[in-house]
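Written below as structure tokens is the structure these notes are about.
As written, the chains take the letters A, B, C and D, and residue 1 is the first residue of each chain.
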Amino acid sequence: MSSYEQIKIKAYEGNMQLPSLGLVLFTFGNVSVADHDRKVFAIKPSGVAYSDLSPGKMVIVDFNGEVVDGDLRPSSDTKTHAVLYKHCRSIGAIVHTHSTYATAWAQALRDIPLYGTTHADHVAHDIPCAPPMDDQMIEGDYEYETGFQILNCLKERGFTYEDTEMMIVGSHAPFTWGTTVEKAVYNAAVLEEIARIAYLTEQLNPSADKLKDKLITKHFDRKHGKNAYYGQ
Amino acid sequence: MSSYEQIKIKAYEGNMQLPSLGLVLFTFGNVSVADHDRKVFAIKPSGVAYSDLSPGKMVIVDFNGEVVDGDLRPSSDTKTHAVLYKHCRSIGAIVHTHSTYATAWAQALRDIPLYGTTHADHVAHDIPCAPPMDDQMIEGDYEYETGFQILNCLKERGFTYEDTEMMIVGSHAPFTWGTTVEKAVYNAAVLEEIARIAYLTEQLNPSADKLKDKLITKHFDRKHGKNAYYGQ
Amino acid sequence: MSSYEQIKIKAYEGNMQLPSLGLVLFTFGNVSVADHDRKVFAIKPSGVAYSDLSPGKMVIVDFNGEVVDGDLRPSSDTKTHAVLYKHCRSIGAIVHTHSTYATAWAQALRDIPLYGTTHADHVAHDIPCAPPMDDQMIEGDYEYETGFQILNCLKERGFTYEDTEMMIVGSHAPFTWGTTVEKAVYNAAVLEEIARIAYLTEQLNPSADKLKDKLITKHFDRKHGKNAYYGQ
Amino acid sequence: MSSYEQIKIKAYEGNMQLPSLGLVLFTFGNVSVADHDRKVFAIKPSGVAYSDLSPGKMVIVDFNGEVVDGDLRPSSDTKTHAVLYKHCRSIGAIVHTHSTYATAWAQALRDIPLYGTTHADHVAHDIPCAPPMDDQMIEGDYEYETGFQILNCLKERGFTYEDTEMMIVGSHAPFTWGTTVEKAVYNAAVLEEIARIAYLTEQLNPSADKLKDKLITKHFDRKHGKNAYYGQ
């Protein structure tokens, strides 16, 4: 049995959650799970239907994007995952989907404004939309550059990947991550719902104000702060 | 077996209806059921997935918000429930969700206008949006103050909690209640549907008129008036 | 066994389709089926959950709205059904729902414009929105007058109930009918879908033109004309 | 057993996917599968519910639209399919639906703008909306002319049916095709999702820019270009 069994199983389980959560149509998404000690991750094979997946079909790739184990070609977005793992030690899993509302914000080239406590429970600022990359980078190593597009956007905004586990890539679609695959998948579903409610908020009130600062702090901190009292 | 068995079972059953009705994503909601004689209520534990709930996991809390029975930490919104029970003798159950459309109205900081008979069948006026509280209250006992935010908003509008069993809290999300848990959960689903139809009404006709007074009275009274003839 | 068994079974089956088709929340709707020879119809009891229905719980009512058989109180909308059956010999079944998009058009007090062939396959003109009745009628025999509101609207527009089997009642919600219960329920679902696509059409193109006359005639006639060639 | 068994089974399976994918209400759609060697195709019978279909009920029609095998009347759109097969040797299957969002764009008489990579993964330009045909053609052989409406629109835009496997017919609804029935059905579902995300994009940003050229080329080519690296 493959020595990468554990991350293959976890990547498989994470991938299988995407259709149940209504986040993907056909093969429009992928989940990976990393083993930072061995500097590899397990990722969905490219273009394989979710109903045909199994743990054994996951592909093992190193942090430079090279396949090290597996019979199938890995997701076309593999290098984006590789870049994020290489530069972010505590990212344990990454999720990429084309979920409807989050993708619409990406296509509109807009950050998702922080309009309410549902958003502030998860991220303490607007969800950033990384700008589409310039032509030279697109013609270069596109998926590799997409990873840097994400990292650079975080840096420019002054955010860390620990506090901001979700982002949309302009003209493209969302990426989320987390220390565990459960958290990364959770973030993908939460992002879609935040994107949907923000959309409806603007339709109801085109000049809606963003959430006041004290409520942002209160809600983010009660879940994520030093004295958090949400959960068990 | 716990002496609070009955309200634990009812609270459990009420909580389990929320995902079936499409009103919650993950753990974004909670239901509680009160025993006014003993001045306690059973409420969902904080951050526990609905699929992991059982009657025995419900937490018993008194009307000052202190846990009196149960191994888990209660919902982070517990004090809001406590305040409502303490001040409203005939509220038997409370439901809090972040249901999509009702939450969008809350984020838009708008009352839900009474546009049709579906709304008037349940509430005889716009569904109030309580204003976000001031900074001092947020920094104080936030969830406790949320209870008063609801009670004060009802009072300022001249409504009673018996006639108005649903409200949205500005920037946050909806709260509904009722004499029984069945009614409180019913109200949460009805509010979401009223919020959705009102949203669509405005998109179709931005200058839509509110429902005429005679129709409000007719529809509210045929279900809730002295001579009601709806139901068995 | 009740001598009205056949229409009770058909009314029961028709009612049970409404939740499966996503046309009702809780008890927001009702289906009736008529026996024109005996001048009676079977209708859903008022306020009873669909999951608690059975053929035996259907209520038999005559065309003046008087109960002639059954232990339960009939739907609060019963008199509207009675008026339509009394005046329209070939209406075999009636469906009333508060389906989301059709109700939004009703609340917007707007006819549903004939924008495409999906609509023209079923109705050869805009779907009429009957105006809300005047205050005197509301205070009078409200549900009875709703029946006349529908009949008068058809008459004023120059439509017949045979060619126009669906309508929305302003501020309220849709009514559909047909020679059979299958057709009346089919019409309720089709109306909701037509209402939804028309809504989206206007959002995409606020000055969208209505369907050209030749296409209206072509599509309506290929399904309903003398030389219809749709179906078996 | 019918000598057309294979295409009947494939057409049956393709038709049955439409309701599972949420692309049809009742009988609003049809799938056909061609055998180019014998110059025939199998198509859904007209107006038969999907739940009543079986492979044996598929109708075999030649490329002039004449029935050559089967007991039922074929889909009313049969001649449209016949024209496309006759003129497009490598179209193996055709799907017609009235899916909600794609139909709304058709009713709005608008091409679906290429706003993001989800779209560019499938089609490298706006999805064309063929103009409604002129009155003479409608009164002539309508469904036959619809086939030419599609072919002429492709030609006028300078597209080939191999590169553009989806289109909307103005005032009507979408048609998609592919070399296999799996691909044609896949395209019908993808078109609906592209139509939905494009709709939301415009609501979020009415002056949204189209996708930049380099990203169009990159995404289309990585799936469909000479050096494609998507899939297995």
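The rule is short, and it goes like this: contacts are C-beta pairs under 8 Å (C-beta built on N, C-alpha and C of every residue); 3 or more make two chains touch, one makes a residue touch a chain.
Predicted model, so just to flag it, every value in this text is computed and none were measured.
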{"item": "Chain D and chain A - chains in contact with each", "value": "none"}
{"item": "Chain separated most widely from chain C, comparing mean CA positions", "value": "A"}
{"item": "Equivalent interface positions on chain C and chain D, same or different at half", "value": "different"}
{"item": "Degree value of the rotation bringing chain A onto chain B, based on Cα positions, nearest 5", "value": "90"}
{"item": "Inter-chain centre distance, chain C versus chain D - centres from mean C-alpha coordinates, in Å", "value": "33"}
{"item": "Approximate Å spacing (C-alpha centroids) for the pair chain B, chain D", "value": "46"}
{"item": "Where chain A touches two or more other chains, by residue", "value": "203"}
{"item": "Of chain D, residues touching chain C in the complex", "value": "25-26, 28, 45-48, 72-73, 76, 98, 100-101, 103-110, 132, 135, 138-139, 142, 171-173, 199, 202-203"}
{"item": "In the complex, chain A residues that touch chain B", "value": "115-118, 186, 189-190, 193, 196-198, 200-201, 203-205, 208-209, 211-212, 214-215, 218, 222, 229-232"}
